[in-house]
Amino acid sequence: MPRIRGYFHPKTATGRSSLIPAPPWHYSGDLLTIEYRTDPGRVRELLPEPLELAPDDPGAVALIWADWQSCGDSRQELLDPVRSQYREAFAVVRCSYRARTYSRCVHIWVDRDFALARGLHQGYPKKLGSIHLTRAHPCGPAPRPEAGARFGATLAAADRRLAQAVVTLREPSASGGFVNAHPMLHHRWLPAIDKGGGLALDELVETGAAAFEAGPAWRGDAELDLFDAPTEELSRLAVREPIAAYWRQVGVVWDGGTLLESGTSGAGL
Amino acid sequence: MPRIRGYFHPKTATGRSSLIPAPPWHYSGDLLTIEYRTDPGRVRELLPEPLELAPDDPGAVALIWADWQSCGDSRQELLDPVRSQYREAFAVVRCSYRARTYSRCVHIWVDRDFALARGLHQGYPKKLGSIHLTRAHPCGPAPRPEAGARFGATLAAADRRLAQAVVTLREPSASGGFVNAHPMLHHRWLPAIDKGGGLALDELVETGAAAFEAGPAWRGDAELDLFDAPTEELSRLAVREPIAAYWRQVGVVWDGGTLLESGTSGAGL
Amino acid sequence: MPRIRGYFHPKTATGRSSLIPAPPWHYSGDLLTIEYRTDPGRVRELLPEPLELAPDDPGAVALIWADWQSCGDSRQELLDPVRSQYREAFAVVRCSYRARTYSRCVHIWVDRDFALARGLHQGYPKKLGSIHLTRAHPCGPAPRPEAGARFGATLAAADRRLAQAVVTLREPSASGGFVNAHPMLHHRWLPAIDKGGGLALDELVETGAAAFEAGPAWRGDAELDLFDAPTEELSRLAVREPIAAYWRQVGVVWDGGTLLESGTSGAGL
Amino acid sequence: MPRIRGYFHPKTATGRSSLIPAPPWHYSGDLLTIEYRTDPGRVRELLPEPLELAPDDPGAVALIWADWQSCGDSRQELLDPVRSQYREAFAVVRCSYRARTYSRCVHIWVDRDFALARGLHQGYPKKLGSIHLTRAHPCGPAPRPEAGARFGATLAAADRRLAQAVVTLREPSASGGFVNAHPMLHHRWLPAIDKGGGLALDELVETGAAAFEAGPAWRGDAELDLFDAPTEELSRLAVREPIAAYWRQVGVVWDGGTLLESGTSGAGL
C-alpha cells in the first residue's frame, strides 16, 4: 500500500489534494472553430521527428475557442464551479505518422491551473491566458445559434492580445470542422533535472475522446486577426486562405491514451 | 457645444474613452435566485430614512447570482466579450416608501469595472468579487434545466469566500421569485470632497427594467452557507427560514430611472 | 443619529462594509515617472471649461506608474495586504485656472476596487487595468536605484496592452518631475438618473497631499510605446519630445480637498 | 540538428515560445518565514519511500511567503515585469534520506504560469493561488525592517482563504530559519498516459541554489491561522508549538539538480 497518493501533485496520504482527479474527465462546452490555410512550411516547422505533414491539405489550421465546464467522476467540481469552469484557445494542425493522419495541438492557452495540469498529462502545450468567447443565449442581445448570428472571440497572454475573431454563422452544418477531427498525436516532454541531461520524458502519445456527443453545428465565416508578441509564435500561422468557421456545443469524456514511442523525437532544449 | 464629453469618466473630446456608454443598456443573462427569510431587524437596519420594512413578509431576502452579457446600443461589446461578459452576486430586500413596496439591493459584488460604474450610476452598492455559477448546457455533465438538476454558486471577495450555494431544481415555475420583482429603490451617495462636508450627493432614485423577457423558470430548493469577513456583512442576513430557489434565463433593457428626493436620507459617513 | 452609515457604499448599521474608510488615507509607494511633450492641442482637448492650457510648457505630460500600499487610519489593511496593495498607471497634464497652474489626471488605470472608489471621490477617472512595474531590490537580478539601473513598466486594459516603457536611471535628482507637482484640479461628475437630465454632480475640486515624504530621487531617460485600443485614447497623447524620467519612493497622506465650483464645466454626456 | 526546440513546451523551430527559458534562473525576493512544530505524524504521512522523518525536530514546518522577481540569463523578463514578478506561499518540512537531512516542499501555491512550469521541473507541487505579503518600504505607513514592524501574509486558492499570518519583527537574526535551509529533496511524478499504467515519471531529485545572497535577517513571532478546504490539506499541518518567524531579502540562482533514483517511490495514483 502506497504511503502517499494522488493522480497529480501534491501527493498526500489521502490523495485529496491532487490538482486533478484520476480520469475519466467529463466536459460540457461550447466550441468556436476557425479553419484556414497557412503556409505548410509553418506547420512543418512545428512537427518533431518522425511526424510529417498530412498528405492532404497540409497547411490547414484550426484555431478553436472553448468555454468549458469539466469534472471528474465524482462530479463535485460542477457544484463548486470555480473548480470546473475554464476557457481555452488553441491552434490545431494535422500531421502524418505511420501513414495515418492525426490532429496535433501546437499552441494552447487556458485560464485555470487544473486545465494546465490536465494538459501536461495529455501533451497539450498549455500556458495561461485570458480567453473570451461570446455565448449564445435565448434572451436579450446575445446571439441565438441561427443564420446571421455573430460571435466574438479574443485571446491574450502576458497582457498582450494575441488573437481576435468575429464569426458570423451562415447555415447548419453536418460537422464542426475537419482539422481537429482526428485522434490527437502529442508529445509529453520534460527536461532532465541534471544540467545537460537532455529530456527525462520524451513520449509520443495518441489520445482522443472516450465518448463524444454534440448539438447541432453551424457553419459560417470569420474575420481573424493574429498579433505578434515577444514570447509567442501563434502569428507565424498566418492566414493564407480562409476555409470556414463553426459553432457547436459538445459533451466529451477523456479517459487516457496510448504510448506510441519513447525517446525518439529528437527535440532540443 | 461641450469641449469634452462621455457618459462616464474619463471624458474626452470624442467621448470614446468613457468607461460606459449612455443607456439604454442591454443584458442577456442567467439568474439563480435563492429566497429566504431572515430576522426583519437585520433588514430594517439597512434601510435609511424614510424607508421602512415592507408590510408583508418583511424579512424576505433574495440572494441572486447572475451570469451576464451586456452592451450599449451599438452592441459592439458583444463582439469583444471581455467588455460584455461579467458575473455578479447580490442580496435584495424589500422596503416600503410612500405606501408602495420596492426592491432594494443592499450588497452586491461584480467582476468587471464597467459593471461597477453602471452600479454607481444606478445606486447599486457594488464592490469587486469573484463570482461563479454553474451553467446549464445541453451536452456532457453540466445540468440541463430539468427536475433534479443541480447548480452551484459561490462568491468571494478579498480572497475570502462569502457565500456558497447548491440549488436543486424541482419543477417549472410561473415566476423567478418575488423579492426582486418590484421597482428598485436605491440611493446614490457620494461624500463631499471637503472634510466634514457631509454628502455631496444624496439621491433617492427609482429604477427598473425598460424591457424584460424571460425563458421558462424553474423552482427548487437550496443549501446556502454565508461566511463572515472583516469588511463584509452579508452574513448578518442569516437564513431563518428557506423560501425557494429559482433558475431562469432573461433579457433586460435598462434605460434610466427617476429621482424621487434629494438630501433626505440622513445617512452618515 | 443616522440609521445607516459608511464613508462609501454599502452603508450599513455599523459602517464596517464601506468599500473605503473615511480619510485620511496613508500611502507608501514607488513611482516611475516619464515626462515628455505632446501636441498642446491634445492636452487642450481634454480640458473642460473654464480650464485652459498652462502658460508654460503647455504640452508637458507625465505618465506615471505607481506600486502602492495604502490604508486608513486604523492601518488594518496593511496586515491583510490584499486590501492595501495595488498598482496604477496614469497620465497627468497641467492646466491653468484662475491664473494658477494645476496638475490634472486625464487617464488612470488601477487594479483594485478600493482604489477605484477613492478615485471616484477624488475626481480621478479610474478604470481597471493590469499594471506592472519593476521593483528595486537589494539582492539578485532586480535593479538597485543607481546609475544604469533599468526599470520596465507596462499597462493593459481589456486584454490589450496600452503602454510599455523602459526607464534607465542616470543620476540623482532633486525632484521627481514637475508635471504632477502642482495641486490637482479635478472634476467629479455623475449623470442624472433621469434620462436627458444632464449631470447630477458636476464639481470642480482641488485636492493634494496633506503630507508628503520622499526618498532619494533618480533621473534618467525612457523608451516609451503607446498603443491604440477601441475604448482608450491614451495614445492620442503621443510623444513629440522626451523630457526625462524619474524613480522615487514616497509616503503620502490624503485628507480631503476643496470644492471650487459646481455646475459650470459644460461637459457633455 | 533538432527540428523543434524549447526548454519547456511549446517547442517550436525557434524555441522562443517556451514557457520558461533554460536555467540558470535568477531571483530577487522578499521572504517571510514562519516556523513551528506540528505533529510529526502529519509530516511522516507526506513522505514517500524511502524518505523518513528527520532525526532532529521531526515535526518542524516552515510556512514561507515569497514576493519574487525572476528571469533567465537574458534578464529580458525584468523589463516586462508581467513575465518576471510573482508571489508564492509554500510549506516546507525536513526529511532524512541516506542518513542526510533534506528540506522538502509539500504544498505550494504560485500566481503565474512560468512559476508553475519551473516547479514542475524542480519537483515543487505547485498549484495556482492568490498570495499577498506586506512589503517593507522606507516611506509612509508600510513597515521598515526594524523591531516592532508588522507584516501580514495571506494565501487563497479556489476563492477560499487557506492561511493568514501576522509577523512582528523583534531583533536582528543570524539566519532566516532552519527548516528550509537544507538541499531540497523532491519527486518529479507524472502518470502514464495509458490507463492503469502507473507512473511514467517517478524521479527522486536533489536540487538547491547555485548561488545565494541575503540582506540582514530579522527574527520575530507570528500569529498564524490555517483554514480547511475541500481540495487542500495545508491545515493538517496544524500548529502544535510556534518556533519563530523571519523576514529577509534574498538573491538566488537556480541551475539544475541531480537525479538520485528513479522508479522507487511507490507512490500511488
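We call the chains A, B, C and D, going by the order they appear; numbering starts again at 1 in every chain.
As a working rule, a residue touches a chain if its C-beta (ideal position, glycine included) is under 8 Å from a C-beta of that chain, and two chains touch if they have at least 3 such contacts.
According to UniProt, the chain labels map to these proteins: A, B, C, D = Acetoacetate decarboxylase family protein.
Fair warning: this is a prediction, and the values are worked out from it, not measured in the lab.
Engineer: Keeping to the contact definition above, tell me which chains border both chain B and chain D.
Structural biologist: Neighbours common to chain B and chain D are A, C.
Engineer: Going by the touch criterion at the top, tell me which pair is linked by more C-beta contacts: A-B or B-C.
Structural biologist: Between A-B and B-C, the larger count of C-beta pairs in contact belongs to B-C.
Engineer: Taking the mean of the CA coordinates per chain, how far is chain A from chain B in Å?
Structural biologist: Spacing between the chain centres: roughly 35 Å.
Engineer: Can you check how far apart chain B and chain C are, centre to centre, with Cα atoms defining each centre and the answer in Å?
Structural biologist: 30
Engineer: Two-or-more-chain contact residues of chain C, please, as numbers and ranges.
Structural biologist: As it turns out, chain C has residues touching two or more other chains at 80, 82, 130, 132, 154, 159.
Engineer: What topology does the chain contact graph adopt: line, ring, star, complete, or other?
Structural biologist: If you draw each chain as a dot and join those that touch, every dot ends up joined to every other.
Engineer: With touch defined as at the start, can you tell me which chain D residues reach chain B in the complex?
Structural biologist: 130, 132, 154, 156, 159-161
Engineer: In the complex formed with chain B, which residues of chain A make contact?
Structural biologist: 26-29, 69-71, 75, 78-82, 84-85, 130, 132-135, 137-143, 150-154, 164, 166, 213-215, 249-252
Engineer: Using the touch definition up top, name the residues of chain D that touch chain A in the complex.
Structural biologist: Going through chain D, the ones touching chain A are 1-17, 19, 22-23, 45-49, 76, 80, 82-83, 106-108, 112-113, 116, 120-123, 125-128, 158-159, 187-195, 197, 200-201, 203, 205, 207, 230-233, 255-259, 266-269.
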